[in-house]
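One chain, chain A, appears in both complexes that follow, with chain B as partner in the first and chain C in the second.
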Partner chain A sequence: MKTNLKFKIIDIIYIVMMALPIAFSIVLKVLTNPPSEGISISGAKIFLEIPMPLQNFIISESQINSAMVLITIFFFCLYMTHGLSDKIELKRQHFAELIVEKVDGLIKENMGDYFSGYAPFIIAIMALSAFSSLLSLFALYPPTSDINIVGGWAILVFALITYYKLKGGLLNYLKGFTEPIFVMLPLNILGEVATPVSLAFRHYGNVLSGSVIAVLISAALGGVSSMVLSWLPGTLASFPLFQVGIPAVLSIYFDVFSGCMQAFIFAMLTMLNISGGFDMEAFEKRRLKKAQKALKNK
Partner chain B sequence: MQSLDIISVNIWQILVSLINLVLLFLIVKKFLYKPVKKMLVDRQANIDKKYSDAEEARNKALEDQKSYEEKLSAAQEEADGVIQSAVDTAKAREKEIIADAKQKAEGIVTKAENDAKLAILKAEDSIRREIIDVSTVLTEKVLEREISEDDHKNFIDSFIDNIGDGDE
Partner chain C sequence: MEIAIGIILGCCAVGAGLCMGIGAIGPGIGEGHAVANACEAIGRQPESKGAVTSTMIMGCAISETTGIYSLVIAILLIFVAPSTFINILVNAIK
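Coming up: the complex of A and B.
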């Protein structure tokens, strides 16, 4: 019933729009990145530098790629919810329901009912992180291996954690730093700051180390194959025999598994940190006090 | 083309990535989470409605069944009553008819008896007369003399009475 021509055309537009940003990124990479020999590990390429106060505003490869991921996910969402209905008519609806219900369940389990509004945020973190890491499957620069990108997310998460800690009252928040004894103050402050830093560096380090290891292994395999095949005449001697297939197998771990794993871990830690920092009892007490005050003023 | 260092912190990049995440949060919320959630709620409501409808229909069916059973038992009672009254009427009629028949039979018997008695009387009478006539003639002839009619009659009557007594 819903498989008429118009429906299909919109579907195709969504799919094309999902693929287009990634294709754009690939084209950009091919145009700006000449094939290089040997081991070269560097950060994201800088496309544009705009002078701004404090630091220059840099439009780098990771910025472009993460914007492209954003567009891809946007159309992915549109595609998933296209033709949604009570009665399941499309297979993709199962997947959409699966995502929503799983994340809802995860949040209920880890954060409690008070945070049920966090489901879209967690989906967004997971999707952005996983899609960004998976970009390395297309030989693109994964934005998650740029500390600035992951750092931005970690700072947002840190802001949320602090916001929920402050809900228990500013005094309570400040008092929390001197517990269990006053001497612990510097350590507590350090621990507080360590949360976003560890969040960012864990994710960034894992993805970057994956790329580094992939490059190293690829170079090593090239060396091994040129060593083994050096007795052959002509161009056959430089045939990268061991570079065929083996890096692909390794990339299943370093790109797919590690990327998805880090996305999950990042989301998980976000949930635990936000709900862990929130003192429900203090919040309730404070709210009660406020309500009583409001009643008295009346 | 220039590259960044592997670790290079840039505030603007951090800010942009933060904004990106917020943007994606809004996108996911508006275009994925809310529609799916809404659909799930709709479906739940739909299912609940169907269940309550089914429950309602079931209750109604039970009610109907009860009322039908009541009606059925009432009809049964009515039928029993009708049959009972019919039986009663029939019995009454039967008695009536039997009584009637008995009466009629008795009437017939009495009439027959009466008729028979009458016939006997008539026969007796006619026999008596004949005998009287015959005996008179015979006696006249035998005796050739006149006998007083009255004497003769008395004599014959007593004779016949004796005969009749013997018959009876």
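Coming up: the complex of A and C.
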């Protein structure tokens, strides 16, 4: 049996390491943000600015939060895979196997067998995006509502798409721009650039609009409660009657549902774009030609 | 000077409102069509509910993109544009 003392101590270390980064982010936010009155919608706080030749190198709240999310996910994965065995001894192994099977099935369904090695990448993007959006449940600044973070992911995905398009040959890639007729060239280039832009803006806009609406609604509810209770004496007049609980219900949609939805959509579009840009026929032809050339040279 | 700055701020607010309002029409109609047709498909073939629902949500998210673009422009108009325009005005008067 594996559940001896050493095993349990390692488990506890993993759980503590999962919670520590989020606690660090909360402490950082409490220390740097003075309590403010009224509504305020602001971007990520900039902690550090290092002068660089072209542009200042900035370390902002969203970067630190996303790094903390990375650490949390890392230890979460270690915790889930701790104590795997052929005979299932722990409950968490069922959950881990469920995730792996679901993602493998999703990849096979949407990308085909050639891309079956893509499951780790896709689940990494999905988990990073979902956990980043869910960070707003801890009243932290969600990194996904910063265009710089999501834009970085979109550029990564765009590089992958272009790599798989180039696998069919450079000439084939360039020829794809002039289809169906040559006049479509500028439109095709525009469409190529629009892919990462729309990926980034969709994710960023959805998360940001959720937080903006949450702030507006809580401000409006504050106004309503001060209007209703204004006849009461003393501190009772400033009691936030309607601000208790009602914004939390909206947060289930805007933070939990919308965040997970956008993570799924980002991963889904990544899969579809990568497998859609890959021309299997041209790739096979090119591979055959290369093999024949190698044979001739021998 | 004050009047000019006031006009700039007012126009930015009006522009943001118009941008969001008009920009939300298209995605609204598009998502309505998507959901209506998905309901029809589920009514015709109740056993395909899962596949239709997931495809519909994907389609809704994609057709939402144009609405998100107008949201981004509205946010830029409210938070970024006024200070930029006022800076341009001040530099021009100098």
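One rule holds in what follows: the second predicted complex is superposed on the first by the 298 of 298 C-alpha atoms of A that agree within 3 Å, B and C clash if a C-alpha of one lies under 4 Å from a C-alpha of the other, contacts with A are read in each partner's own complex, and residues count from 1 in each chain.
Here is the rule we use: contacts are C-beta pairs under 8 Å (C-beta built on N, C-alpha and C of every residue); 3 or more make two chains touch, one makes a residue touch a chain.
The structure presented is a predicted model; accordingly, all values stated were derived computationally and were not measured.
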Chain A as common anchor, with chain B and chain C clashing or fitting: fit
Which of chain B and chain C A:32 touches, first, second, both or neither: first
Touching partner for A:265 - first (chain B), second (chain C), both, neither: second
Touched partner set for A:205, first chain B, second chain C, both or neither: second
Superposition-derived comparison: chain B or chain C, residues of chain A touched: B
Which superposed partner A:57 touches (first chain B, second chain C, both, neither): first
Which superposed partner A:46 touches (first chain B, second chain C, both, neither): first
Inter-chain angle, chain B to chain C through the CA centre of chain A, in degrees rounded to a multiple of 10: 130
Three-chain overlay, closest Cα atoms of chain B and chain C, distance in Å: 7
Doubly contacted chain A residues - partners chain C and chain B: 41, 208
Residues on chain A engaged by chain B in the complex (per definition of touch): 32-33, 41-46, 52, 54-58, 60, 62-63, 66-67, 70, 73-74, 77-78, 80-81, 84-86, 96-97, 99-101, 119-121, 123-125, 127-128, 143, 146-153, 155-156, 208
Of chain B, residues touching chain A in the complex: 1-25, 27-29, 31-33, 35-37, 39-40, 42-43, 46
Interface residues, chain A side, partner chain C - complex: 41, 198, 201-202, 204-206, 208-209, 212, 261-262, 265, 268-269
Residues of chain C defined as touching chain A within the complex: 57-58, 61-62, 64-65, 68-69, 71-72, 75, 79
